[in-house]
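Starting off with a structure, shown below.
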Amino acid sequence: MINKCVDDLAAALAGISSGASVMISGFGNAGIPTNLLHGLSALGLSRLTLILNAIRRVNDCDPTFFAEGQIEHVITTAFRGPGQEPAAFETQWQDGKVSFEIVPQGTFAERIRAGGAGIPAFYTPTAAGTPLAEGREQRDFNGRTCVLETALTADVALLRAQKADRYGNLCFRGTQANFGAAMAAAAELAIVEVEEITEHALPPEQVHLPGIYVQRLFQAARKD
Amino acid sequence: MSKPLSREQMAWRAAQDLADGAYVNLGLGMPVLAANYAPADRDIFYHAENGVLGVGPVAGPGQEDPELVDAGSQMVTLRDGASIVDSAASFAMIRGGHLDLTILGGFQVAANGDLANWDALVPNKGPLIGGAMDLAAGARAVHVIMRHTASDGSARLVAECSYPLTAPGVVKRVYTDLAVLDVDIDGEAGGGFVAREIIPGLSRGELTAATGAALAFAPDCKLLEAPDLPEA
Amino acid sequence: MINKCVDDLAAALAGISSGASVMISGFGNAGIPTNLLHGLSALGLSRLTLILNAIRRVNDCDPTFFAEGQIEHVITTAFRGPGQEPAAFETQWQDGKVSFEIVPQGTFAERIRAGGAGIPAFYTPTAAGTPLAEGREQRDFNGRTCVLETALTADVALLRAQKADRYGNLCFRGTQANFGAAMAAAAELAIVEVEEITEHALPPEQVHLPGIYVQRLFQAARKD
Amino acid sequence: MSKPLSREQMAWRAAQDLADGAYVNLGLGMPVLAANYAPADRDIFYHAENGVLGVGPVAGPGQEDPELVDAGSQMVTLRDGASIVDSAASFAMIRGGHLDLTILGGFQVAANGDLANWDALVPNKGPLIGGAMDLAAGARAVHVIMRHTASDGSARLVAECSYPLTAPGVVKRVYTDLAVLDVDIDGEAGGGFVAREIIPGLSRGELTAATGAALAFAPDCKLLEAPDLPEA
């Protein structure tokens, strides 16, 4: 019998090792898997690559991630902390301890979608004619210059949903899906914290993400 | 003696151009204020790039849901007929040319329509790009709201952007605290900016002096008169 | 007030002209907009390009389409009629009156999705090493040969849904979405026949296709 | 005297290899029959490329919904835990390598794993490709069910396919009416096909003669014994 539920945080995160690439969902505070994030930070791993929309959200949620220098590389649309003073990760970047790749948000989302959809590369008009396209492969389609972008995949994806059934089918609430839906498909191991695991299967036409994309489910109340 | 428009007045002016039935994305800062001033007879769908089509007013007490936010991470409500998609689908909507308009903030706009609004080259701080490049490249029309000059008095409407570009040749219209200007991309007015409206008390010479690129005045250039508005 | 409903079939199809490219949804009998198809055929246009999964479904639904030679070109995954004898469109092809492009179904779906998503071209492993890739641009990614495919767009998309509200938001029933969801986004003018137009707006989290992709709605019972 | 397997028996044998918890796409014809013979202790999700994940039994009287069909356009039901997506998302699932297995029909399989199953070069008929190329290129494993030889007696397990390819080098296992054979892609058995099971009464020499490419026999090559099954 298929049952993707695990009993506790330790089981949810079992097997993630140093050097792993980890996609983390969340836009604003919606869809951020804070329970999983705290758990991952507590594992004390090193040389992680984080792939997420805005690095400051992880920093806000669990600053020990950066205080302890667990992160080696970040792929993100926003490598900036709040306020005028540099955040810990900005200092580490300037000290050469953390590197990053900055990606326009739509290209970021599409690269992850491509990773899950078996599309190794695609062309997009976004960023053509800007410094982000310098030194990159460009090509004109229908008279418009486009940039070649490659798929993003990862070892692990961490996301949050409102409801799941034991098959791993997910329903998101509000804007909780954001990057998580695509990340689950792009990662080898998708781990989901959910508010509620339903007794019965979710109605087929109301499933937002099919269970095929989910490997582990962990029930946990939202934590801000 | 002229009085530059307030943030709210600039947003109000931009809102007057929102078309009935339009799908519109409003950038952070002044652009998002425009939703407060859209004329009551316009039925408009506001898009937020984190996946909302049909953003409603900011959530009031008792309405807040931390799992329902707009692109500025504010807790919001939904309008009648709203729908929600994931980020990949939301940017497919943007990139695919389905939005009629985006209104963005700007650091600089060049006379050829180039936009620079994502990297102000702040020392010791990392870059923040978000969805600006996708919106600027993808929306059918790009309008910009920004002050006419920088705090040091230098021009922000320029012959060529000195800040890193967000997208080349995309801006159609700029709303500043001094004027409403179109970008003459087709060269009908000889290239450069074309002032459509100018605030009362400001001379054409003063506007020209505050503009760092070729500036023409539309034959029917009007006074830009905005109502008094409380701070939003 | 936004209201995408039109009163009758004539209004739904108004403005489509000879030479137009028309995407038609449907897989098996699910999601085929038969009312719109009959209406389009009755317009008596010429030089149409049809973009659809299986040409025989149109032929089954309204053979006059091919009897009258309205079609010039077909982009499809199956240019084959039932049985051993050639169908009308197969004969027309052999007589040089109709041309076609044959596309693997997943590439067909992805090219339409790309058309609606502003992706002008992408690479896919599908068809690499087969006759369909001969003479095509190919390239290796991660050690795997891939084919360059370009986006498909069209002037018009015709599809069927179960429910719609006046904003054009759609809910599909069963497997009705199939190609229609992507086709609506890839066409300039998406026309939808729906079983029911609801009085109230559809619940936001249950919308399968946002109304931004729909230009006209036409209420019509299913016709087999 | 040997008795070749029936269609149902070939499908039955293929079904015995379906893993518990697997996501599986079954092609038209014999492959789709395999769902009838999966062992009862296996919890399997059948995928249909028109968008169903969790196809259930064919719809009985009163259950038919013309808007709910499988990839063979048959009206079907859904299993517990099923979900439905559109075609673009469904093929993203296939192409992205999320299906554990696809079982397809075949015209020819070559000793290097090449599959030809879409174009039998029928005169006066147009081509029909459907989702075969995407499935063959995208699924993590490709198994094929087909008769061992063509109706004219020619080999269908060949050194090189003469029919147009569906995908190169993808087939892992072939179920025929005479044998179960693996493709020795890694060359562990010297390349070619490796017979894992052979029907009772058929000699190794007879199987070799019916096979148009190098054929080895696994050290533990077993008898392929299928139950009697009514026609499906």
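We just call them A, B, C and D in the order they show up, numbering each chain from 1.
Definition applied: contacts are C-beta pairs under 8 Å (C-beta built on N, C-alpha and C of every residue); 3 or more make two chains touch, one makes a residue touch a chain.
This one's a predicted model, so the numbers in the text were calculated from it and none came from an experiment.
Student: Using the touch definition up top, find the fewest steps from chain A to chain C.
Tutor: The least step count works out to 1.
Student: Work out the mean Cα position per chain and let me know which chain is farthest from chain B.
Tutor: D
Student: Distance from the CA centroid of chain B to that of chain D, rounded to the nearest Å?
Tutor: The answer is 57 Å.
Student: Taking the mean of the CA coordinates per chain, how far is chain C from chain D in Å?
Tutor: Their C-alpha centroids are separated by 29 Å.
Student: Roughly how many whole angstrom separate the Cα centroids of chain B and chain C?
Tutor: 36
Student: Multi-chain contacts only, two chains or more: what residues does chain C have there?
Tutor: Each of 110, 113, 117-119, 124-125, 172-173, 205, 208 in chain C touches at least two other chains.
Student: If you look at chain B, which of its residues touch at least two other chains?
Tutor: In chain B, 84-85, 91-92, 94-95, 138 touch at least two other chains.
Student: Dump the list of chain pairs that touch, please.
Tutor: A-B, A-C, A-D, B-C, C-D
Student: Quick check: in the complex, which residue numbers of chain C touch chain D?
Tutor: For this pair, the touching residues of chain C are 27-31, 53-55, 77-81, 84-86, 89-90, 93-94, 100, 102-107, 109-110, 112-113, 124-132, 162, 172-182, 208, 222, 224.
Student: Report the residues of chain C in contact with chain A in the complex, numbered from low to high.
Tutor: Chain C residues touching chain A: 110, 114, 117-125, 141-142, 144, 146, 150, 171-173, 205-206, 208.
Student: Using the touch definition from the top, list the residues of chain D that touch chain C in their complex.
Tutor: Touching chain C: residues 48-52, 65-69, 71-74, 84-88, 90-92, 94-95, 119, 124-134, 137-138, 164-169 of chain D.
Student: In their complex, what parts of chain A are in touch with chain D?
Tutor: So the residues of chain A in touch with chain D come to 1-2, 113, 115-119, 165-167, 169, 185, 201-202, 204-205, 207, 210-213.
Student: Could you please specify the touching residues of chain B with respect to chain C in the complex?
Tutor: It comes out as residues 21, 23, 43, 45, 47, 53-54, 78, 80-85, 91-99, 138.
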